[in-house]
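Below is one structure, written out as structure tokens; comments come after it.
For clarity, chains are labelled A, B, C, D, E and F in written order, and residue numbers in each chain start from 1.
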Amino acid sequence: MDIPEINRPARALVERLREMGAATVAGTLAHMGIRDPHMHGPVSWNKGKAIAGPALTLQFMPKREDLYGQNEYDDPEKQLHRHVLYKVQPGDVVVVDARGDLTAGVFGEMMLTYFKGRGGAGVVIDGVIRDWPHGQSLDLPMWIRGLTPNFHTQTGLMPFAVNVPIACGGVTVIPGDIIVADDDGAIVVPAALAERVLAEAKSHAEWEEFSKLKLLEGGDLRRYYPLHKDAQAEYEAWRKANPKK
Amino acid sequence: MDIPEINRPARALVERLREMGAATVAGTLAHMGIRDPHMHGPVSWNKGKAIAGPALTLQFMPKREDLYGQNEYDDPEKQLHRHVLYKVQPGDVVVVDARGDLTAGVFGEMMLTYFKGRGGAGVVIDGVIRDWPHGQSLDLPMWIRGLTPNFHTQTGLMPFAVNVPIACGGVTVIPGDIIVADDDGAIVVPAALAERVLAEAKSHAEWEEFSKLKLLEGGDLRRYYPLHKDAQAEYEAWRKANPKK
Amino acid sequence: MDIPEINRPARALVERLREMGAATVAGTLAHMGIRDPHMHGPVSWNKGKAIAGPALTLQFMPKREDLYGQNEYDDPEKQLHRHVLYKVQPGDVVVVDARGDLTAGVFGEMMLTYFKGRGGAGVVIDGVIRDWPHGQSLDLPMWIRGLTPNFHTQTGLMPFAVNVPIACGGVTVIPGDIIVADDDGAIVVPAALAERVLAEAKSHAEWEEFSKLKLLEGGDLRRYYPLHKDAQAEYEAWRKANPKK
Amino acid sequence: MDIPEINRPARALVERLREMGAATVAGTLAHMGIRDPHMHGPVSWNKGKAIAGPALTLQFMPKREDLYGQNEYDDPEKQLHRHVLYKVQPGDVVVVDARGDLTAGVFGEMMLTYFKGRGGAGVVIDGVIRDWPHGQSLDLPMWIRGLTPNFHTQTGLMPFAVNVPIACGGVTVIPGDIIVADDDGAIVVPAALAERVLAEAKSHAEWEEFSKLKLLEGGDLRRYYPLHKDAQAEYEAWRKANPKK
Amino acid sequence: MDIPEINRPARALVERLREMGAATVAGTLAHMGIRDPHMHGPVSWNKGKAIAGPALTLQFMPKREDLYGQNEYDDPEKQLHRHVLYKVQPGDVVVVDARGDLTAGVFGEMMLTYFKGRGGAGVVIDGVIRDWPHGQSLDLPMWIRGLTPNFHTQTGLMPFAVNVPIACGGVTVIPGDIIVADDDGAIVVPAALAERVLAEAKSHAEWEEFSKLKLLEGGDLRRYYPLHKDAQAEYEAWRKANPKK
Amino acid sequence: MDIPEINRPARALVERLREMGAATVAGTLAHMGIRDPHMHGPVSWNKGKAIAGPALTLQFMPKREDLYGQNEYDDPEKQLHRHVLYKVQPGDVVVVDARGDLTAGVFGEMMLTYFKGRGGAGVVIDGVIRDWPHGQSLDLPMWIRGLTPNFHTQTGLMPFAVNVPIACGGVTVIPGDIIVADDDGAIVVPAALAERVLAEAKSHAEWEEFSKLKLLEGGDLRRYYPLHKDAQAEYEAWRKANPKK
């Protein structure tokens, strides 16, 4: 099967996006003209994960009995959802358009195990997975809509294409785009804009650590967020006493 | 722009499917193993139309501001929704995956006028059209979800590909599949199964004309539908008196 | 098959409810403590019809392949949706819980023809029908959610019981309850409350004809609706000149 | 009751917006930065109407039994939905936030009659009306979600405020904004932008009449829409022979 | 009150289904022709539970004020939701059709306490429960849609029947069917098919333990899942060294 | 900016409502005629919290580009969502009508920090928040619909008014109403009814502690809940041995 390859960004760039977090990256993209990069629907399933990585894509289509049949059931190598996994390199994110379907489990324990074994960073699925009681010990970062005991061709979907542009959670994903995901959700950073996101966002928020402390003590929002010029000296004194790590 | 061509079935075959109507074709497909060929969502907008024809497809994707921009606005020839229309031949049906979006008008008056001028049979859109007050005089067969005054890139969609496999109303459509549509809705007949549909369905219902008459007079459903052997002679007598036209 | 019979109310009572119309009956029921008798979802499909009649009920359930199978396909007399029709007497209304499903056509042309032949008043279906291009000439009063070319067991439903209590459009319907339906929608009048509805509603609105005329001429709402005592003499003069027909 | 008045725009301005139609106005607003002025949900109920006029607003809120009670039932003058009607002047449009509720009829026959008697242009309701069988003869332009026999406080809503900012169909409406509505739907033109809309849109489309004719004859979309410079001479010749009316 | 009894399957059979888990049982049922046994909507509320047991059923219907009233409020023994609990034996599962309603709490702390006291295995509710802050210490296995502080007749539902066929989450449940539920969800095993499910599924997956290990180390999916004949010897050597427990 | 103040109830009253819990308060309100005080949609995000306090309200409206613009972006003091926070006093609850929108984050880490610093009891939002990875350490009681990385004006909402009546989760909230929230959900207690709620509910359930114990041991529901007169002596003996704390 002839699956397109993707271009992978420099690992350092990806890592810096991960550290920024989905909220800061989404806000920066918004100011650059990308209105809504958030893939709505899939939610963080293992709380506390934060990943970033290039997107491999898997497209499901509504099942058609004349197009998916005995051949695929008999020969696992004809099953397209395996092929996206064959392409996984360490740090990759698999993004799946499962059409928001809640009845068809996209991956089960064995596929997720293989994905983890290859070093995959995580999966984002506009749909559900199955076999969670066995798969959860993998502790794999996942953004999904839920769970089902059904396998995917059991109800209404069939895997249809790998590494083609897809829509996931209302956002177009081009293979090679960078996914940034944490508990806030998973967003799409167009590959060509990634460097600029870092540049636009970098001067942000040196005083935020200080402001947060003050606000938690009941400090005035008008004084501390954003930092008012009247509080600049106070901040600088504090910073001297509390140097950045 | 390099748009794939489609293979068109013999016109006679298409015409016979049209005459059978969507309900009989859908039932026949179901007995052949195609569970649900009905594109749910789009409904007959000009009541009383019945069409059939090969599918040209247009795929919309969620709008991404870095992928659809000033170039497309400045140069209409970059706008992909025009290109599906350039491919239209008499009798063709344009099927559009507009993702069920109710805010983005897929075609307006001028595009629909051009489509009609080229002899298009009708359109099936999992979405909405705009400019209906001007476009309705075209009396074009349309299966759509509704209307909006908005144009398509105004809100959340951008045209993305032409004559690729799409999902429309929960059914996968391959370019060249045959669409059969009437007031019951629009269905997809896989091109490779079309001849067989005709063969499987052809012996249907010579006595239905008679049965319907009898049922309307209050005749017993057990006797007349399906035609019971006790009523066979009665039917034959009636048929002799009322030869088929 | 052992299908329960229903008790039918006096025809005159039913006719008076029909004349009152769904809005007045619903409002009266509300004042009697029945919060919402309106079956939401099914809408008037042939505009301008107004019917009333006792309910026969048909319950669909999610299809289970071990419970609905070859037996039913081979022997139409095992198909339960036929049995509700066998019970129809002139003026009856068939109410169907099809679970709001939009993919499974409850009745087609032949069933509806038989229903009309038996003198049925109309059908209310929390679901869809099929074969409308052939069936529409029956001009049968119908409150439905829409149309499909699919037959009912093709996708997700199976007929399960006849003349049992059902829910239709969010309202519980007991066989024998009186259905009142017009373009506003279809409502359920509990059989035991029907007489009282007539009694509570009867003194309504002798002056409404006059008020409507005045309002249409730009008359003051405060004076004419409800009729203010200052306008009583004016009304009476008008009534004398325009005796009730 | 102290209901704010609205400022009404010049009638000529409103009339020109009406003639442009919702699609052209929405497109013009989009180019001016208003992304989506279309009130989604309410649809044209009496096909073929086209209106424009300043908005009076009526806000419903979820019914609270401690806030809406016997007082309002006993004294119609306490019922706020009457008060928006008292403010109607010829050409006005009443826009109602009924929260998309499909169970609570906002207006019935008498209220709509009074509205028409005062010269109201039409109503836009993110909800439903009741008593349509009696009210339809008014032939009033209405954009609504549907019908019910229920009155509004029967289920979940209560009228709450008049001529305050509301949201209707996902668009914020400020009293005095100009509503433009036709079969495509109803849109909101911010009062302060109305003149600019006319200015931006006015040079539009002198050649469209010609192009439409050509397209309907099978003319090339690339040549006629938008009008190509190669077709300019052809157009001018045609125009000379077919002067604008 | 005359509530039907159910037939209970052998405990050993139930226990083996529980051990297989919902995903394996659902997949086996699918191969036997049961397309989708998963009750969609209710989700595992106390993560990590896995139960199986015969179904007692409780049916709610839309509340009708003339059918549920002071009698039921005054005499708890008239409240049908209590009666399904009276029938509970150790290991039973109560399945409730609460129509997907999110506003009406089906059970509260006391009912759930009684259920646990009788040895009930768990509950599956297409709806919500109330009083969770007090009830959660019971640590009862529950598959539900969510929580509410409301009791059930407070809003739109009334308990209507016990141990009748119901639909729950889009699946028909016959009293006595076997429910298998874990974090993937809750499924319905038709009682008559239970033995066959065990028979069809039993030869499954002796090598899966080995394959999973290999995949987690980055082993080739093509070699290890399903186990390729080239890896058979490797597996057997491993198995010899790691005998099954 | 001129933001209305609210009246705050006595802290002791609020505290007693908190102790009763949402379920008992909702049930009591229902018996007093308030059908459904539960704000549906927002769910308990940090399990195990139980709060009560007077409501400050924040209303979002659909974003209109002519009404929310550069002024608000440039001058934080023009951003209305800050102003509701300025009004917070210890024990207050901020209730936000974010229209159920899942794409627009209402508050982020800094706003929530300030809210906590001022002693706010918790927030109820018919919408989502952002920046949860940073904000979660605040351990703030929150009832929300979910999370997003987007900020609120990034997509479709703008803050519009503070301390005005709002609808949240289908319930009307008047500033100063008392919110009671725990894992069952958040409910609205009309300020004027709060004392009466305490009075009506106070005699409740002295024997419930005993009954719960008995039910958990398998005791008969008919005997112990509600407590039957035959069990009165048993209860009293138990109570003597287990005096209330």
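Observations, loosely collected:
The rule we apply is simple: contacts are C-beta pairs under 8 Å (C-beta built on N, C-alpha and C of every residue); 3 or more make two chains touch, one makes a residue touch a chain.
None of these values were measured; they are calculated from a predicted model.
Shared contacts of subunit A and subunit D, meaning chains that touch the two of them, come down to B, F. Minimum number of contact steps separating subunit B from subunit F: 2.
Both copies, subunit D and subunit F, contribute mostly matching positions to the interface they share, with over half of the numbers common to the two. Ranking every chain by how far its Cα centroid lies from the centroid of subunit D, the top place goes to E. Inter-chain spacing, taken between the CA centroids of subunit C and subunit E, is 37 Å.
With centres set at the average Cα position, the gap from subunit E to subunit F is 32 Å. Shared interface positions of subunit A, i.e. residues touching 2 or more other chains, are given as 35.
Inter-chain contacts, as defined above, occur between A-B, A-E, A-F, B-C, B-D, C-D, C-E, D-F, E-F.
By the touch criterion given at the top, residues 76-77, 82, 85-86, 102-103, 105, 108-111, 113-114, 116-119, 130-134, 136, 138, 146-151, 154-155 of subunit D touch subunit C in their complex.
Per the touch definition, subunit F reaches subunit D in the complex via residues 33-35, 61-67, 99, 156, 160, 165, 167, 170-172, 174, 190, 192-193. Of all residues in subunit D, only 21-23, 25-27, 30, 35-36, 38, 40, 43-44, 50, 182-185, 187, 208, 211-212, 214-219, 221-222, 225-226 touch subunit B in the complex they form.
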